[in-house]
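Multiple structures follow.
Below are two complexes that have subunit A in common, paired first with subunit B and then with subunit C.
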Partner chain A sequence: MKNRRAWHQGIASRLVQAAFLLGGLILWFLATTRWGVNQLLLPKPGIVLQNLADILASGEFVGDLLVTLTELAAAFVIATIAGTILGYAISRSRYAISVFEPLLSGIYAIPLILFLPLYVLFFGLGPASKIALGATISFFPIVLNTIAGFGQVERSLVKASHAMGASDYQLFRYVLLPAARPVILTGLRMGFTVALLAIIGSEAIASLAGLGHRIVHLSEGMETARMFAYIAFVVAIAVILNAVVSGLEARGRRP
Partner chain B sequence: MKDEIAIRVRGVSHQFGEEGETRHVRALLDTSLDVVRGELMCLIGPSGCGKSTLLNMVGGLLRPATGSVEVAGRPVRGPMPQEIAFVFQENALFPWNTVFENIMLGMRFQGVAKDLREPRAHRAIEAVGLTEFAQHYPSQLSGGMRQRAALARALSLETDIMLMDEPFGALDEQTRMILGEDLSVLLARTEKTIVFVTHSLGEAVFLADRVAVFSARPGTIKQIIEVDEPHPRKPDFVTSPKFTALRNQLYGLLHDEIRKTVGAPAGEAR
Partner chain C sequence: MARPGRIRRIIAAPGFARVGVIVAMFAVWEIAARWFVDPLFLSPPSRVIASLGTVLRTPGVPAALQVTLLELSAAFALSVVIGLVVGLAVGLQSFSRRTFMPIVLLLYGIPQITILPLFILYFGIGPASKIAFGVSHGIFPIIVTVVAGVQNLKPILLLSARSMGAGRWQQLRWVIFPHMIPTLFTGMRLGMTGVLLGVLLAELYVSTAGIGYFTTLFTQNFDPTKLLGLIGMLATMAIVLNQVVRRTEEKFSKWQTP
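What follows is the complex of A and B.
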């Protein structure tokens, strides 16, 4: 009974969400056909769709997509390794937590995209500067959640494990890690999302290749319809990636 | 076996914080205690008198500031998982593991050979009557069942000594009584030496061979009372005159001490 009601409510909210999307599409269609909005600013949905089909059919997106995904993967791996190891090291001492936790949250609150010009200076216009920025931005939620995850392990569990003779490795493997895992996984998901943002964003600002670069390039060439098609493509990629990562997080949370 | 000393505590003291600090608390003062092999010793006393502190010292989880603790003739310098198992008030079950996995993990920590663990886990689960719940997670169990699971984990370690820190403290009175009866039956079958911290007078008299009564902070043992009644204790022991007399004797000893920690009654100058 209760389940059925929840199910109905779920369906209802999906319907409303779909209606919003459809409403947006209708407004877009009306703006281009009835209200005479300039085609250069807002191309017709049909033309955008044609462009999207063309991009997908020709496979011209592959090069840019690979650049962006490679940058994303490299940045996320670096941030994950640095964030979890440093986070664990800091979480081991109350003193270290009291020093570094406020410092790291403080830095995290700064718009770190400001580092991009510096990174371009250091690493050039190629992928290295995007990887550096993506890794920097995604490092913070990962390290902060790792500290929080290991910091909140119930002391009674640690005490009981010591009393039963657990070695340091066993304590980590069977107690600290499973206790901290859900919080760390949330940090990894957040880190992944901000890495994607940072990389597409920095590609759009200063770069030689990648999806963000392609979109800005088309905008500068006044190829608005194709630019819209690429934006739709990037949105789809981002939705898929985030859905996959959220799914992995939910799986990892289960005991 | 008679009168063999399993736990020997000599003149231990403990304080939290340094002398002169505002947070300085003397928890335990020059306390000595012998626990005989195979007996169940209850520690009872006002809050903060150092009962749990003493238990942690015996278990090697806390170093006494002065004095010494010996278990099985050897000085305690740290946890002794081969000799001592703990049951805590906050049952300390791993919430991400099932009852069965919790018990298996305890034996892994203790270093039990792999092929011995499973039969021992099943035996321990059966002993506490949780067979149907072996594959449940702690969050799916009632408070009483969680304590049974924690007890099973301690039993599976097959130690000579079991230290229980208010194991039923967070449970309601009825569940407590039933668990107490079951514990008495369970322990009558084993040769274990048990030290049991409790707040409950009834629980102390019902379970213990001897009850050590603590004075208020800084705590030390004020008197030891014998409960001469064979295990397993029957439920009707609770209604016997002997039980009532012992309970009243304990109440008399404790009342003044508890009054000291709570403060004088209203209208009485101190």
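What follows is the complex of A and C.
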């Protein structure tokens, strides 16, 4: 009886969600066709769809997508290597944790996007400044989670494996790493998400190429319909990437 | 014999070592900037600090700092109010929670930076677009934590309040609110981080009077001394705002654990 009621409620929620989506679409449609909202502010849904189809069919997105993905990959790899190695080194002593952890989490609370102008000054308008900023921003969640992951391993486990004659490598491979892995993976996922944000953001603010740059370029050209299509495309890419990374995290967490 | 022991303890204290690390970083920066890096790109911290006065006296900078602070406060206040109202509306009933929470989480997951040009298009290049963009970053963590806070409320408390004849407003005021305060402040802290990110992103993207105008100006003039000074001031502003919210959070979350 109870199950059935829950099932009914589930259906009702889905219906309300669908009604919301449909209502939004209808409002959008009416606003552009009947109420005469300026096409520069809100293009017609049909035209946006056409543009999206055109972008996908012509493949003009490939260049910008490759630029953004390359920057993302480079930034994430740098942040992962630096963050995990430094985090591991710090986590080896309680003293080092108590010295560095508050320092790092203090810097993490500052919106590091502020340093973008400085990075542009150092590294130029090209991909280098985006990679550097993305790496900096994603370094912090990774290093903090690595410290937390290795720092929380129970001392008795370490002691026990030492007593049973484990070498340093064996200790790391069979005790520390399995215990710390879930927390580190969460850090890597968070690092990936913020790296993506930082890179698209810095492309939008100051760059020569990339998806963020393309959206801004279209917005400055007042090609609103095409900009809407690109926004939908980039959002889809971001959602897919984040879903893939979350999936990998969930898989990696399983022992 | 006692004195060296105490000194050693002070030196061994993590706080002391932390200050040491900061000093060492500044020393490296000073040395690098003085002798190894082109002064067009990096200037030593001593000169940056000495130039803070000049930055503040640059015509327009104090006004720009004020504008940015105003944008941050307005965006934060709006985020808290809207986030609280939406969070309560979504969280108080299990049906609306199950229906609207997925929508909220879906919107939260979208990288909002992609729609920044839309905010400029709709709200102009003045402070309104920065405030709106800050709000769009700030409300989601607040909504999510408010919903979580309402969800954690023990049903028996509401039931007993209702059976003693409490009206809807009284339940909200005396049962739901006090129980939400710790989570609400956690949400406000996360919201502040979001607001800072949103407002500063929008400022850097396009700005006529705010801070973004001057960071662009100093970058294009290859004036790292002033740029670093300005960024330092903004970072300090962010740290202070974060600390204020964090302190308030600590103060208000105490009552539950006497």
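Here, the second predicted complex is superposed on the first by the 232 of 255 C-alpha atoms of A that agree within 3 Å, B and C clash if a C-alpha of one lies under 4 Å from a C-alpha of the other, contacts with A are read in each partner's own complex, and residues count from 1 in each chain.
Methods note: a residue touches a chain if its C-beta (ideal position, glycine included) is under 8 Å from a C-beta of that chain, and two chains touch if they have at least 3 such contacts.
Being a predicted model, the structure only gives us computed values, none of them experimental.
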| item | value |
| --- | --- |
| Subunit A as common anchor, with subunit B and subunit C clashing or fitting | fit |
| Arrangement angle, subunit B at one end, subunit C at the other, subunit A at the vertex (C-alpha, nearest 10°) | 90 |
| Touched partner set for A:H162, first subunit B, second subunit C, both or neither | first |
| First, second, both or neither for A:G59, with subunit B first and subunit C second | neither |
| Which superposed partner A:G36 touches (first subunit B, second subunit C, both, neither) | neither |
| First, second, both or neither for A:N242, with subunit B first and subunit C second | second |
| Dominant contact partner of subunit A by residue count, subunit C or subunit B | C |
| Shortest CA-CA distance between subunit B and subunit C [superposed frame, angstrom] | 12 |
| Residues of subunit A that lie at the interface with subunit B and also at the interface with subunit C | none |
| Touching residues (chain side subunit C, partner subunit A) in the complex | 12, 14, 17-18, 21-22, 41-42, 95, 98-99, 102-103, 109-111, 113-118, 120-122, 193, 196-197, 200-201, 204-205, 215-216, 218-219, 222, 224, 227-228, 231, 234-235, 238-239, 242 |
| Residues of subunit B touching subunit A in the complex | 59-61, 79, 81-82, 84-86, 88, 90, 92, 94-97, 105-106, 108-111, 137, 157 |
| Touching residues (chain side subunit A, partner subunit C) in the complex | 9-10, 12-13, 16-17, 20, 40-41, 95, 98-100, 102-103, 106, 109-111, 113-118, 120-122, 196-197, 200-201, 204-205, 212, 215-216, 218-219, 224, 227, 231, 234-235, 238-239, 242 |
| Residues on subunit A engaged by subunit B in the complex (per definition of touch) | 154, 156-157, 159-167, 170, 174-175, 178-179, 255 |
